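You will see chain A twice below: alongside chain B first, and alongside chain C after that.
Entry: the complex of A and B
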């Protein structure tokens, strides 16, 4: 009842009130642009600044707009940009940011060369959403939090939080930074596979390593300026590498990860690990590389004990907060076992 | 701001003015009065609003009509096709199977379920149980417990195979 009354008050203050207004979550009004080239898109964004947002698949952006986390006056639609829709397997893989997740998941070459990426893409939300949601969108996914991903009336009733409209973090009231969680499935894999992102901005294009693209701050979670557009992702060749991506969530579909682990391992002929990368997802505001755990594996034959030690070291890195589905203690407790499973899955 | 939209829906062309910030779901239900497509969570978490765009299931609550201009849209209203003799519409095998199996209880998820299942059967008329569950994994049903729905899709698949065999 309280919910409906809040909704009612909210609409009363905005526009004229009709029954359909209070029975639906609607997008706030905006102007829509469909640029036909990347320079045109970037120029529009530079012109409108923070009043404009890029919209690729829109599967993360539109729900956030409906809940008034974002109220851009201008949307710059990217679906006309052919440059974002190419996949090239020359010396590794260069994939356009506009490729839908289902295409990434079902592409035979990606399944063969980068099975962890195909698996991660196949685990994002549900089939309908993956037909529209893009790899670039998932890599730039907004950070998530129990106190943030709520409707406007819900957030208003509690008091707005640090990430949007307020000045307090409801997860940890003394926290000076936002603790919203990096919930992308593809980002940990991109970091584990040493991906490089090509960004186009008003000052031309630049390349940034995936590892440096994510920042551990729930609000400023991407290391890019507002006008920069993720154009393509380059993943170096990983021939002979073993890799995996494991995701924990309540249901086997739809849900975001509450813990995920991406691994990439290189073994020599004798079975000695020459290089290892382990990345934890959904335990901080950015994917977390477990460097210490990687060191334990490197130069060793991967026995059960070594894997166990490495997994326990990686688990120390995870400091989940009480702001996603499932309890804090459970999520913390699951990390070492999950890392162990991920390493073993890669070795299989 | 209103914009002139041209949409291909169920083999008909609709040309109309609509607010640019309305989602495909809102336009279908409110501007075109095609209310067979249901609105559920409106945040992409339930699948109730599923329609087919060029044969692929997508969520109409999370797409703008301007993004699907020139593409073939199919809603639940277009699922029953006219038979060869003329004007009478014949229910799709999925619709018959859903009714027969009791795969609808309150019926709110059914349009989304049927459209998603249609996309599956168009691609694969002999899906196993795992494939059906995977295809329908984005559609929530709070009544049936899914067993009847999966059985209905299996039954419809059989019928589709028989129909294509007799052609």
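Entry: the complex of A and C
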């Protein structure tokens, strides 16, 4: 097992350790482990507990470490875990959590079978980061907030918040819970496609539905124990389904979503919707399933009127707070039109 | 000298000097400098927007292993500032902090981690003061002053000028408009953060390497603050990875590394974090504008009156000049018969504003060009036609006594509207598509230096080696705009040699003659003219020596393609290198100097120092947008821009500058906001988005197609007729987009940035009010203007 103890680690993927002394926000000191099997990784995590974090692509982890959102003493690198890097299309799709986002976006089979997922992966951040960032990382992405994703001196000047080092939520000072926003692009799609996650923990492996994996709490936003590692994602076959993922953000080149919608629709030969799933992203601390809006579509031919009613019903779910880019009023106003567009995009 | 078609380099496109080195990673930027025994410094910033410093104790930091030195404001008490009238900064705050991030102490340690950790050890006791975070608060608050030297309360500067008789001008007008506009602040966002390294040599000389646009001004400031003779200080400007005006002040970190290097006896480096760059700022002033304008039915402007409030931030910086610039250049595009300009700059507890690309002129230009769009609708005239009817003629003086040598705006408008099919598209545009036009002008270098003196603005020294190498020494700084290429191209052109024989040595106060720096779009014109003056005598010496040896009349000889040849091109006689050796034999060591001082082009009233320039560039821009009439989301589909460059020295570099200006203009038009959290105590004054992810600026993937058209007016003041390119083309972008959005969906957004949220609100207003007349119902923009009495204006008679 590879093991480093160095403050200047920069390129974790290269064979040799590259030391760079370019001035920047510094990473806090940590020890880096590179286990070669899942049990070994999980055992390390169990041993170190909350002092350790798993590191996959690191595109969100390392910037956050530099800003001291996390100061793990130990990082458990996942690059050597070959089990995380396979894709298999037997009876649906099972995809390893370590697959880079660009591979998900550009995989011809995924584009054909789960176009919404390929699209969501293609819309995460910027091209360079998609080469490194993984699907598992995106599905477990930390919740975001304009009061939280700031440097240590900035947060100190404000007074630390509920999510890190403090006891107040700056978004809504009376809020007992953290209101940081679920900002994953792939998570709403995973929920819409009835995905199941395989987790490995110190007590063995288990399977949890994507829908149950996310919690509406900005701090405890994942329904898993600290040692559990997302190994793979299973998505059942959606042959014949229509699906879409639409993302709203200021810059299409790089930004996190300020609103997103994933849909999955099944129509019979007569054009009647037999099953519908609509999931909103970036409107709460976890993806929000629009159950009422889904019911309106189910059993109906999808006329413009039905779609409009469904979209307006879905919009009631969205209670955005003033903690992302763009104003909350606008983000709320955009939801129904956005859901409508997403349903229509799926039908196209 | 040359006929245009005979140019070897001028007007052509050749690879930027140093460009390949940058692409290959060879260029040594300030942060790439590593010296033996070098220490790393960090500064501790204030967590408060406004507070008194009761005490600072750095001794706990000094106890941390690896920390070598620590200083506070008491170690560097001498005030400084870029303008002689605004000496209101100290390297580290002495008794009070004026913004979040204001540095109060600094440490030097063996590595950056240790320095960063040591900041946490420093104990500072503050007594918070009420903070002032807006123009309105600054105008209202009289008792709590950010600076005691302010003109009144927190009003830093008041300006009031009147040219002609505006009241009688308004009475002659057929159409009057009174409008409010707001222009949000934005920052430069250079890719390279500021960085500096200092070393005190054992010869007791101090060297500072810094990513700066103005090594000469930094040199002067170091001498003042460190209380050392300038002759013992060497300032070297490293290649700058983007400046845009954000590296034109002397900065805290530059002084701090010098002091720490002197105390520790070791080299010290300090590179700002991206967050600190946002606090260092000196970017675009937020400006609230009230404009009254009168036109006749033919469109001629009888009177124009601007009232501007500038949100200056915590320090003076270039702010007094910025204030004048919000009034100076409205007059150089279209004749204005009578003109009144009033302005106030207000201190606030935010990062100091200063010069950003366009310095003080994009804000009023936005107002003026949107206003003209409204007038064109009042008159039922095509906006291009309205402008074409009334242009400031070449060889004329404006109402505020600025000299316009050449004005290429007529050709710019004609070419840009032709290329974009502007007239046709305005008539037959598809729904939700819009097209807008705007024009502008900018100066090619300020006519006056920052500090009063009559010395040259730019100096160039040339020596020729007997091996044929030509070394050009100049104080100018290449900040990516290509000023090294301009020097090389001009010298190569005049000597008839290949660029590869020209060696450029710039921006080193030990080696190079003073050039005032890379700001105010001055370098091509001023160093260019200085270089021509320096190189001409050398050319003469070489030709005269060749004439003597070859026994051919000097008038019949020329230098071209590294050869001495007959002027008629019939025969090559010898090589440039051999002729250089003949010249050295005849004249001794070959060297020469040239310098440039701008002509006195302005008026002589108080305040006339801002605005004059040897010549003015002109730009016309057409923007085409698609805008969703439900949501307000829009995209800019294409930009056409025509720029009067006078004469391109290197065409590709000019196009690069134009495209870069378009990028920056799009950012300001569409999304950029340097904004702060409101609130009196706890969270007030914190920058909202001090990171490159959260401060929204377009990326390369967000850029629309750009079509650049260069117009050449061959100006008598510029080298080979050249004008500036670095700043002017930014100016018309924002109003062109505002005008295009109105054309698309009928929403007037009288402020920047023009966000989908604002358009959406305008669309809702239109829907609820049913019909929109002249866009007023769908208008989004400021609705209130502070009721403040301006001083009696300085009255200036317009030129005859």
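The working rule: the second predicted complex is superposed on the first by the 325 of 348 C-alpha atoms of A that agree within 3 Å, B and C clash if a C-alpha of one lies under 4 Å from a C-alpha of the other, contacts with A are read in each partner's own complex, and residues count from 1 in each chain.
Please note the rule applied: a residue touches a chain if its C-beta (ideal position, glycine included) is under 8 Å from a C-beta of that chain, and two chains touch if they have at least 3 such contacts.
On a predicted model such as this, the values are computed, not experimentally measured, just so you know.
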item	value
Touching partner for A:333 - first (chain B), second (chain C), both, neither	second
Touching partner for A:73 - first (chain B), second (chain C), both, neither	neither
Partner chain in contact with A:25 - chain B first, chain C second, else both or neither	both
Which superposed partner A:129 touches (first chain B, second chain C, both, neither)	first
Which of chain B and chain C A:34 touches, first, second, both or neither	first
First (chain B), second (chain C), both or neither touched by A:250	second
First (chain B), second (chain C), both or neither touched by A:225	neither
Touching partner for A:59 - first (chain B), second (chain C), both, neither	first
Set intersection of chain A contacts, chain C complex versus chain B complex	24-26, 29, 126, 252-254
List of chain C residues in touch with chain A within their complex	31-32, 34, 40, 45-48, 100-101, 112-113, 116, 193, 195, 269, 271, 273-275, 630-631, 671, 682-683, 686-691, 693-694, 696, 698-702, 755-757, 760
Complex contact set, residues of chain B against chain A	1, 3, 19-23, 26, 30, 39, 42-45, 47, 50, 53, 56-59, 61-64, 66-67, 116, 134-135, 137-140
Interfacial residue positions of chain A with respect to chain B in the complex	20, 24-32, 34, 58-59, 62-63, 66-67, 77, 79, 125-129, 131-132, 252-254
Residue ranges of chain A touching chain C (in the complex, touch as defined)	7, 21-26, 29, 126, 146, 149-151, 153-154, 156-159, 170, 250-255, 325-327, 329-330, 333-334, 337
